[in-house]
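Quick heads-up: structures coming right below.
Two complexes, one shared chain (subunit A), two partners (subunit B, subunit C).
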Partner chain A sequence: MTDSTFKRFVEVGRVVLLKSGPSAGKIAVIAEIIDHNRAIIDGPTTGVPRQSFPYRHLTLTPIALTKLPRGAGSGVIRKQVEKEGTVAKWESSTWAKKRAAMEKRRSLNDFERFSVMVTKKQRRDVVRKTLAKAA
Partner chain B sequence: MGLKEFQVVGRHLPTTNDPNPKIYRMRIFAPNEVVAKSRFWYFLRQLKKVKKASGEIIGVNVIHEAKPLKVKNFGIWLRYDSRSGTHNMYKEFRDLSRADAVKSLYQDMAARHRARFRSIHILRVVEIAKTDDVRRPYIKQLLTPNLKFPLPHRVGKSAATFVAHRPSTF
Partner chain C sequence: MARSRQLAPGVGRFSRSQAASRRGLYKGLKKSDKPAPTETPAFKEVTVGGDKNSGTRLVPTSKAPRFYPAEDVRQPKKSRKSPKPAKLRSTIVPGTVLILLAGRFRGKRVVFLKQLESGLLLVTGPYKINGVPLRRVNQAYVIATSTKVDLGEFKVDAKINDAYFAKPATKSSSAEAEFFEEGKPKAKEAFPEAKSADQKEVDKTVIAAVQKQENLAKYLKATFGLSKGQFPHQMVF
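What follows is the complex of A and B.
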């Protein structure tokens, strides 16, 4: 298979996003494939304990570690992740930023929601005035 | 409902004829101690002239997996009763612990052969040390080096009846 239409593979070193469980919303690395339903994932830098996890509760990301031996231990994964700056790559991706923005939006308290409304109004006002002047 | 591996040790009660009976030890896969002890007597009765009423259990201990985070290939020999006879079988499983592999085995036998827990005897569970010794193709395919595969056309459950966009399948 020289050119696959698929871009994200389940493979050793693939960074995954956990969808459910106590570590939901965190990223981890696939350390070893158990079978077609589960893999061992580990996130030493993101606080995900090494465990078996089903693919159903994972989302594959486009990020993968370039070099990771099969069945690597937590220490090896930590070193590789720190060397390649994987967590920084994830945090700077649009996907992660959108997730963070949604989380912030859902966690706003009433005063913050009011402040958002006020700043949006101010921005809208400036935009309208500039548009009126240009026309 | 996970299975655990128990070490059950028991013997015939001492009698005047035999004041120091032989002690027998079995490794039993069961969900709890109660079932483990019961299965111990079931198997021991088939092998020796002793039953629960004439014997005693000396100890029951859980055997924990030595390396629960290491993926292992298990070969399991079993004997099971089908509707028309009893057969031997050898199956392989790729799992993290002996108890997990045996649990998968029971599920697999129930699905493929409608065999219940009571009809299955686990004869032997062995961790296959060398990859070359794996016999079954469905396990061999997972042992190819640099294995990778996509998750094509993932269908997810939608929380709402109506959504703004069609779902993404990857």
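What follows is the complex of A and C.
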């Protein structure tokens, strides 16, 4: 019956990614829904202070805590997050890995960019040579 | 001097008497002991040639001007500012790899050695690696990368200073001699042996330090360039 096109819901326990503000780029958990615009989010293990946050500045992730009572305090959330290994689940997702790779790429300094270019050339050379030999 | 802060144009934080009290004027103003200016005589004796010209003549030391403008023109105020050598950026430290942005060696990555008294930076390629000799470079035309070569306690010889790079005084040829030369290329002087010896001496330590890091020699050999989608204000150096 529940055959909705929507898979990620705004609910208590949903893990969200913050898009703007001082904690941009960090994940937090929805602790309580305030209204159609805002929710209380909290990220005790990721360094996000408990606060009300508008949905426009959040992205929903496919991860959610299974057992979280509504309006839970920071301590309860911390225990649940640690028990379910939520942060590890997030870090191992392709999404988080791609974000980390992009961040690394943007932060490369000139010498690192040069070294990457050299190693890519070396890899390309090995691939080309083995391909030519196999043909 | 305790300056009284301005609250509005013409209104200071402290009144005239309060400011005077803060300055300690009740102690009296200090009299400076400047020596009396040396008196120059109004007229001086000048020897004049010629038989009938009475040998010497009294001539005023400073002559009155020949010309006075019709109206008094405003003299511009004398500036109290004096140029100082440029302050070295905190990111530039001996051993830093710099990217030259202008000049004969633009795009080359070089190693910074020290800042000279004029404010210019002394850099070297090293010469064996990318052909850049010991050279002076302006800080403004340089990107400082965060890559550093560990030069240790190496200090460049004190004889390499601004005077070292002065151009040798060339004998200016007369117009006739140039005319006879008819635009033939001027005979170039061989590069002085002492300068190449200095270059080799400095580069010895630098190259040894460069070899310690992987790919660094290749990096210094390569030229810097921007490719599509690369914007310097968005890049980390």
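Basically, the second predicted complex is superposed on the first by the 134 of 135 C-alpha atoms of A that agree within 3 Å, B and C clash if a C-alpha of one lies under 4 Å from a C-alpha of the other, contacts with A are read in each partner's own complex, and residues count from 1 in each chain.
What we mean here is this: a residue touches a chain if its C-beta (ideal position, glycine included) is under 8 Å from a C-beta of that chain, and two chains touch if they have at least 3 such contacts.
Quantities reported herein were computed from a predicted structural model and do not represent experimental measurements.
Once the two complexes are laid over each other on the shared chain, residue contacts for A:V126 go to neither subunit B nor subunit C.
After overlaying the two complexes on the shared chain, residue contacts for A:A88 are found with neither subunit B nor subunit C.
When the shared chain is aligned, subunit C comes close enough to touch A:F111, but subunit B does not. Residue contacts after overlaying the shared chain place A:A100 against neither subunit B nor subunit C. Once chain A of one complex is fitted onto chain A of the other, the partner contacts of A:A24 are absent, as it touches neither subunit B nor subunit C. Of the two partners subunit B and subunit C, more residues of subunit A are touched by B.
After overlaying the two complexes on the shared chain, residue contacts for A:E32 are found with subunit B alone; subunit C is out of touch.
For subunit A in complex with subunit C, the residues that touch the partner chain are 106-111, 114-115, 118. Put simply, subunit A touches subunit B in their complex at residues 4, 6, 8-12, 32-36, 40, 50-52, 55, 60, 70-71. Against subunit A, the residues of subunit C that register as touching in their complex are 97, 99, 109, 145-147, 214-216, 218-219, 222, 224, 234-237. Residue ranges on subunit B touching subunit A, taken from their complex, read 69-71, 94-96, 142, 145-152, 170.
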